[in-house]
Amino acid sequence: MENIRKALVQSSWGYKLLALFFLSLLLYPFIITNPYWINLMITVLMFVALGQSWNWLGGYAGQISFGQAAFFGLGAYTSTVLLIRFHVNPWIGMGAGAVVAVAVAFVIGYPVFRLKGHYFAIATIALGEIVRIAFDNWKVVGGASGLELPLLRSSLLNFEFVSKVPYYYIALALALVAYGVTFWIEHSRLGYYLRAIKEDADAARSLGINLTRYKFAALMLSAMMAAIMGTFHAQYYLFIDPPSTMGLDLSILISLVAVIGGVGTFWGPLVGAFVLIPISELTRSFLGGSGQAYNLILYGGLIIAVAVLQPGGLWALFQRLGKREVSGPMPPAPKKEESHAAP
Amino acid sequence: MNDIIQVLACGLLMGLVYALIALGLTLIWGVVEIVNFSHGDFMMVAMYLVFTLYSFLHLDPLFSLPLVAVAMALIGIMVHKLLIRPVLKAPMLAQIFVTFGLMIFLRGLAQFIWGPNYKVIPNVLISGSAMIGPIYLGWPQLMAGLGAVLGTIGVIWFVHRTETGRGLRATAEDRETAGLMGIDPERMFAWTWAIGIGSLGIAGALLANFFYIFPEVGGVFGLIAFVTVALGGFGSVGGAFAAGIIIGLVQVLSGFFINPAIKDIPVYSIYLLIVILRPQGLLGKF
Amino acid sequence: MPLLEIKQLVKRFGGLLANDCVDMQVQKGEIVGLIGPNGAGKTTLFSVLTGFYRPEQGIVLFEGHDITGRSPEWLCHRGLARTFQVVKTLKGMTVIENVMIGAFVHTARTREARQRAEELLRFGGLHEKRHMLAGSLTIADKKRLEMLRALATEPKLLLLDEVMAGLTPVEVHEAVALVKRLRDRGISIVLVEHVMEVVMPLSDRVVVMASGRKIAEGKPAEVVRHPAVIEAYLGEKYARRQTT
């Protein structure tokens, strides 16, 4: 009832705002042509998609992970190694990377998924670090020196461009894909089941829901999306190495985007990415190395604040603020004590 | 042969330090039932405090140890009252992210105050090496091991022989019943955080004798602490001690026989194996 | 062939023998009442039947197949559903979404699940409240919701755990009517109940448990006069009085 009331009341300006927002995203590179700012938006959009991928696992399925970067890195490395060694087209490599990530998720996820809450979170940190250290010392894929992607003729087929603009639109498309998948999840049986599992796992089981199978589905999707973004990263920066693609810092940032934005909410990752990433990039550009300190203090403070005060994240905060600005009469609250009416 | 003994000795000494670090973590885990993701980073703070006392007062780590330990204990109590208490009844997500946020915050704070560069304390009182039988051991490392053992014994004595310690164990076992018997959980939690973070003060002061000090130093120690706690058994003080030594040995042996660069992989793998195959660890609560 | 057959079921919790060599049968189309004083082991029996606990000994046969030790989700797909003594509505979801969860057992399509849920809510009288959050319902409605949700899974056997507890007489009346309509739809029912005025008229047969064991079984009128039953509820004195 709450959701419908909110939607009805906000639909007039809510949807308009959304349309305006989307339109400006679409036209962004033509309005702001400076490559620095385009790069910033590309990074933001990447984290929208990555944050959403974390959200499926952490928000909807309730499994907090700090190892998302491992899938990201696996995607990046798979497509890059295939490109460098076997001249496989990066788009196909992207698919291969997704397959590798899902396979790894399946094999490792199975035993690890039984773990609950904190134990699972720590396990993801351990796994992520194992992957990173392994790749750091694996000469075959470049080890600590990383891999440089070959410079190819600028084309969509080659997934390489001279200008940043095509990259921007691909990133936008991927962010839209991430949102499309989220929309699908929310309205499909998977989404309903994940919500039920979060509400009451025993009740869910008594209603025929196999907990592992559906949480796994969320894990698969999460791994796939992260891996796909990994390939994008490789094709964009034309250089990958373990710290930049598999580091714990990256995993942490991805989780922050989703949680500060609003864990388990539809719009959370979008809000989180649009708030956190510009702050992070801008402080880095203008304050250099010490800028990182400010970032960390801010992120740390924000996440503590979110955890203690408003677990719904910035999105929930916006909603609360938005409600106050709504004008017009509110429909009466639904009556609770109506059970004595004849059925 | 001498090489292996040398390696084992180093691993043992380091393992004793791991044990001390894990002690605080397992105590907090067992009594307060909070997983402190920022545990390693509090040790980092302790190391920086030692460094600062040295820079401004030329106080050797050996002498600043008690000061830092007490300061850290007080910080621990403060953290509990300000940040942990509000989320004790909150969903697990909130609890994870409070200590997680603290971890990030502390690293940022350290970088802000002291900068990102590696620091070291030159001219410590305890320096040089001793020759024990066929092997050389650095005095700082020996003192660290000794200090860690003393610290561990101190904590174990406290937990098992004092009234408060018994209260801690009772609260860890069954908080409600302990409460019904007059043991104030709030007081127990405060004590737990005091001991837990205070012991990091000791560990930090010991390590500051020979280890580099930088904002991220808490990271690896923190993760190793989790592995140690898991292996020893969540909530088990004796288990943390045994596990710490085992982990220290596994780490150096991996480095020696396989490759120093990947010495942490077997350590992290132990965590995975334990929580999947034997969740109660060696001597665990459950 | 009975729909459900329990043979020599034993469930222990450490030193406590919660179910002691329990035998029971449920025929298709029956309503079986399961009664007994508190601590008799009734809810434990339910939890074993629905896969939440593994029995130490004994077998459970459903439609002739051995289902002992199977998981709750597997059993639900085979047609065995339950409600919980302490209501487990999915509080953060709406009434219709709760029922949809049940309906999703037999369809993967959201639209179909919603249609099924709407039908069932109409059948069960909760249709006007379908968009309310389940957590905001009265206890009577929550229990009704749980029944409808279980119904959505299209069970052959429905285990109802104290669905009348905490209800006013009017609400009890409505709940009994609903249970009867469930049986009319061809569902066999076992209900655990303390409210005697409900169990006796509703059940075709009654099974009485005390201290983990089955102490009596039969038609409601017979069971009520059984000395062991009277003793279990009221003590030896009254039992002796009955037989003199």
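The letters A, B and C name the chains in turn, as written, and every chain counts its residues from 1.
Throughout what follows, a residue touches a chain if its C-beta (ideal position, glycine included) is under 8 Å from a C-beta of that chain, and two chains touch if they have at least 3 such contacts.
These numbers come from a predicted model, not from an experiment.
Relative to the C-alpha centre of subunit B, the farthest chain centre belongs to C.
The interface with the largest number of contacting C-beta pairs joins chains A-B. Separation between the centroids of subunit A and subunit C, computed from CA atoms only, is 43 Å. Averaged Cα coordinates give subunit A a centre that lies 33 Å from the centre of subunit B. Subunit B and subunit C have Cα centroids separated by 51 Å.
Across the complex, subunit A meets subunit C through its residues 1-2, 4, 187-189, 192-193, 195-196, 199-200, 202-211, 334, 336-340, 342-343.
Here subunit A touches subunit B in the complex through residues 64, 111-112, 114-115, 117-119, 121-123, 125-127, 129-130, 133-134, 136-137, 248, 252, 256, 259, 263, 289-290, 292-304, 306-308, 311, going by the rule given at the top. Against subunit A, the residues of subunit B that register as touching in their complex are 35, 83, 86-87, 90-98, 100-109, 111-112, 115-116, 219, 223, 226-227, 230, 259, 261-262, 264-265, 268-269, 271-272, 275-276, 279. Looking at the complex, you find that subunit C touches subunit A at residues 50-52, 71-73, 76-77, 81-82, 84, 88-94, 97, 100-102, 104-105, 108-110, 113, 124-126, 128-129, 131-133, 136-138, 140-141, 144, 149-150, 153, 170-171, 174, 178.
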